[in-house]
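Across the two complexes that follow, chain A remains constant while its partner is chain B and subsequently chain C.
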Partner chain A sequence: MTKTPLHILQRLWRDTGFALVLLVILLVVNLILNPTRFQPSAWGSLIGLAAPLIGAAVASAPVILGGRGGIDISVGPLMGFVNAIVIQLLFLKAGISSPFVIIPAALLIGAAIGAINGALTTLVRIQPIVATLGTYLVLTGVTLTILPAPIGPAPAWLKALAGPWSALPLIALFAAWWTIRRLPYYDQLMAIGSDDRAAYTAGVNVTRVRFIAYVITGVFAAIAGLMLTALIGSADPNIGQAYTLISIAAVALGGVSLAGGRGGLVGASIGAIDIFLLQSVLTAFNVSTYVLQIAYGAILVVAVILTAVQERAARGREV
Partner chain B sequence: MAIVETRTGERPGTGFALRIRSSLAGTNGRILMAFLIAGVLHLVGTLVIPGYSSPFAIRALLVIAALLAVASIGQTLVVILGGIDLSIPFIIGFANVVAAQLYGDKWNFALVCLFVIVVAMLIGALNGYISRRLDIHPLIVTLGIGMIMQGSVLLWTAGFPSGSAPPYVSAFVSIGGSAGPLPFPWVVPALVVLAALIVVVLARTPYGRRLYALGSNPGAASLALIDPVRMWMLTFSLSAMFAAVTGILLLGFTGSAYGDVGQPYLFQTIAAVVVGGAALVGGRGSYLGTIAGVLVLTEINTLLIGLGFQPAAVQASLGAVIILLVSIYGREKHVSMTI
Partner chain C sequence: MSDTASLHARDLVIRRGASPITEKIRSGEIVGLAGLDGHGQERFLETLAGLQKPIAGSVSLERCGSERRITDFRKAVAARIAYLPRDRRATGIFPTQSVLDNFAISTVSEDARFGFIRAGHRARRYEVYRDRLSIAAPRPDAPITTLSGGNQQKVLLARALALQPDVLLLNDPTRGVDVATRHVLYDVFRGLAADGMALAVLSSEIEEILLLCHRVLVFRDHDIVANLKGSAMTTDAVIAAMFGRAA
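Our next item is the complex of A and B:
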């Protein structure tokens, strides 16, 4: 298949569908309501504001793509854990501010927690939602123990990653995924996600592929944790958990099937951007947080319904 | 239960160790194991903490466990069906706040309960309908609907709910209460009766058989003339109903309305169901197992708090213990065993 722009667009439409339409609509509404906020000069901080949610959604996707109930609800707490370690232990207690120590340390933590989740789900074979619920509780508890109350500040270079350099971590994230997509590993992951038994009989090492997916999710969540740290410029023990469910919602909104094997990280990030833009519209209207929450839930439900309906229509045409 | 038994048979083998292993992997083995662990935890608590088995402590434990057990009924049914219900904490909060508010507005309390339960059941039916009819993962649907509910309730009360429960509801769940000659409040014997009823419904009625059949094989069930959409609507509305009942009971327990009162129940109900031996892929699980899971969770919580752990440390240990327990007896089959 040749990859003309039209093909790419078609593919994007097939994978993300309604989320893409919503993105355009919300972008236009935002531009009309709040032009100053969306000016090119403000893009740095705007992207920085959206980055943690995008990161969390992208991080949640690989294990979901792996199928058979694959899910990682510890993504949010892992972001909070990285936030607490980087600021409280590394920056304030140990006095380390060099990005060449902090970034590898954060990635290593992410990989380690991802490996633990992977081992629990693929080797011990505990159901993913239960295993990661366990790590969710452990990480939340440990974070609160090492960091009982919010504390600051963050190193200047890290704060710049939510300002003028805010696109950098996102580019790193997508570059990493772009590379993975070019490896045979990606095809194996998608094959397992759609039918792990068939993939197994075809000689794919199902256990290893799923394990690696959890490590990828862990590393991506660590990057999201760094983006979160950059955004708040401090450490807060209670901020991470909120990202778990909303990132899974973003993933679903972006057309990634929670049954696995269908969708991609671009869709997941479109879903996340949708949610971010929606928040932005509603705050521009100055509505109370209660209305915000109702609209949040309503858009989520309506969006997944429309996606499902569109999918059915598409399937109907194919048959 | 026959369906359950046949599904859990693992690789055939001889030898005592293998037999033990396979019986542990069976549904009844898992339930037995969970009850055993709850008993061991209680024994440890009694030995280590003075007053752990005092009448008051046991009463408190039973009441807290009973409330979690009521909230977990719905999650059990939904999980057997192969779904998950994240709207339970939001519906608990909804029932809690709305019941208090309406009772404060001088409504008859029976009418209040009826209203709250009917609204909850309609919402539950909507959850089930959207999830099954459009094939959208219930995780997303129940989360979205739950968020709408929570926002609406907050909007209605402007964030400051008022009102309380009538005294007899408080007496029904009060730790100091008594049920006639029995030394605990009515909620405990009521739960025992309810549990027996649910076990019978699951094992002996067409509804129960359809639930297991649909959970273990969604494709084949419709060939057996089971209407999946109807079953999902019914089961999710039952789940919402028991969540609403929990919300009303919690109103009596805490004395005042609080919109977030249900939040701890989000993960606790799932944990209880899983520790009790149900598989989140559907077709497996039982309410007796959930009761065992509820007892294990409540024992761990009480034990850790009794040992002087901080709330954060209690949470971390709870997570570790859930993983440990499920890794002992809740392991899944390897993919090569599913072919």
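Our next item is the complex of A and C:
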């Protein structure tokens, strides 16, 4: 159980596979094409720009790790919902600007929506994709009701979280996950993702573990919603939805098995950074956004195939 | 494991129309469950484990004069009844997880201090069972799928034993396991019984039951048709009971 750097690198390779290679390639290409954008003085806003996508990908991961078709497609609209509530209701209407109110309120909303998703999928036993599609539509509608058109501004401290302090929310997110990874809960989550019947016979409370995964996803999505609010410095009812699909792409790219039980949040965020860097490369070439979509799709399929090939090769050695 | 516990089945009906079963599996005893496939021995074992609801009757654990009803699987685990499933690939191992994680999943909170898992503590806990069951696993952090079937089964047994059970219910524990490993497992089971554990072993092999068990319950049509022990425990007698012929 020695943890040499080589060991950690091996483990990272096993968990993220192709995404890590892609990350290095894209980083080099970006540095060559656009050195000014990637110099240290610009890191603050660069990270702020990538943060909502990383946040959305990280938020999507826990329920996917929990297996049995676990997925939360309401992550994007939840980010938009948090964005609308924070700016429109709390900041503009109620005049509250204190982070000590806004942040807990956002986290609470995330936890509540996560709990609803969790209850629908684990207690009512609706298929996760259908249940969260319901939440997706409801949240989109409610957001548009609260906020029919974009409005601004955002509190100054919040905007700073997309500028000089942009690493802070990401650090908070990873600190939270780092803590969860050290709890008995994490082992149980990975076990139910790997095989929930076996987990049941091993005495794991499958329903409870899965329910909590949805709450974690909700809370993480709320943090991603705050990052999004910081980035756009305003409220926009139509911006959240787009994050759902791209974050699932990032998760898959990052080597997280959509069947559950394999991968991690580091992989998911590497996948998200890949997509962000790809975006950055293609924009440097002045490629249209339509081509951007094609590139996402192609890269995603290729990455998933390569991960599967790598996995099969690994399994071939084992048997 | 020092306090003696025994598992009681009272007027247990495991299928509509079958006659009630009253049995007691005592501390220090290895009871074999035999029968043709699907004649109720598996359902009986699962009912004892709380995984199946009986049609009528009850299962309870008696320890130091006090009794606990076992109505579901969680209660059974809490009463320190451990169950080792039959189909290791479908309901036993976690293929994506390491040997160590597979071992610890039933007892994760034991490794925690102030809520946090201590990796070192878990590794030490595993070492105890690795020695005892002579598990051949070069690296505990490798995926469990890298182990042979017999060693996977030993890891699952270690998982069950880590619960420090008073009663161990084994559903065909040596299925697909090589002969050498079988004998290791037999010795382990005998040792556990000698330490005061109550064991029930379902097996599809009569020789195994005769070799290992103190007595055997033979099932036919969801009834116990024979309860053989001592010199009455012979292959012929078990087969005769299985097929419903007079011995």
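Criterion: the second predicted complex is superposed on the first by the 319 of 319 C-alpha atoms of A that agree within 3 Å, B and C clash if a C-alpha of one lies under 4 Å from a C-alpha of the other, contacts with A are read in each partner's own complex, and residues count from 1 in each chain.
Here is the rule we go by: a residue touches a chain if its C-beta (ideal position, glycine included) is under 8 Å from a C-beta of that chain, and two chains touch if they have at least 3 such contacts.
All values derive from a computational prediction rather than experimental measurement.
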Query raised in the report: Put the two structures on top of each other at chain A: do chain B and chain C fit, or clash?
Result: fit
Query raised in the report: Is A:309 in contact with chain B, with chain C, with both, or with neither (first, second, both, neither)?
Result: first
Query raised in the report: Which partner does A:131 reach: the first (chain B), the second (chain C), both, or neither?
Result: first
Report task. Please indicate which partner A:190 is in contact with in the superposed arrangement: first for chain B, second for chain C, both, or neither. Result -> second
Report summary line: Larger residue footprint on chain A, choosing between chain B and chain C, goes to B
Requested in this report: Check the residue A:200 against both partner chains and state whether it touches chain B (first), chain C (second), both, or neither.
Outcome: both
Requested in this report: In the overlay, answer first, second, both or neither for which of chain B and chain C A:262 touches.
Outcome: second
Report summary line: Rounded to the nearest 10 degrees, the Cα-centre angle chain B-chain A-chain C in the superposed arrangement comes to 80
Query raised in the report: Can A:171 be said to touch chain B (first), chain C (second), both, or neither?
Result: neither
Query raised in the report: Which partner does A:32 reach: the first (chain B), the second (chain C), both, or neither?
Result: neither
Report task. Quick one: classify A:288 as touching chain B (first), chain C (second), both or neither. Result -> first
Report task. Minimum C-alpha distance between chain B and chain C after superposition, to be given in whole Å. Result -> 8
**Report entry** Footprint overlap on chain A, where chain B in one structure and chain C in the other make contact
**Finding:** 197, 200-201
Query raised in the report: Which bits of chain C are touching chain A when the two form their complex?
Result: 51, 73-74, 77, 83, 85, 90-97, 101, 104-106, 108-109, 111-112, 115-117, 119-120, 123, 140-141, 143, 145-146, 159, 163
Report task. Could you pull out which chain A residues touch chain B in their complex? Result -> 69, 120, 124-127, 129-131, 133-145, 148, 196-197, 200-201, 206-207, 245, 248-249, 252, 258-259, 288-298, 300-301, 304-305, 308-309, 312
Query raised in the report: Okay, in this complex, where on chain B does chain A touch?
Result: 84, 86, 130, 134-137, 139-141, 143-152, 154-155, 159, 267, 270-271, 274, 279-281, 310-320, 322-323, 326-327, 330-336, 338-339
Query - Touching residues (chain side chain A, partner chain C) in the complex - result: 1, 182-184, 186-188, 190-191, 193-195, 197-205, 257, 261-262, 315, 318-319
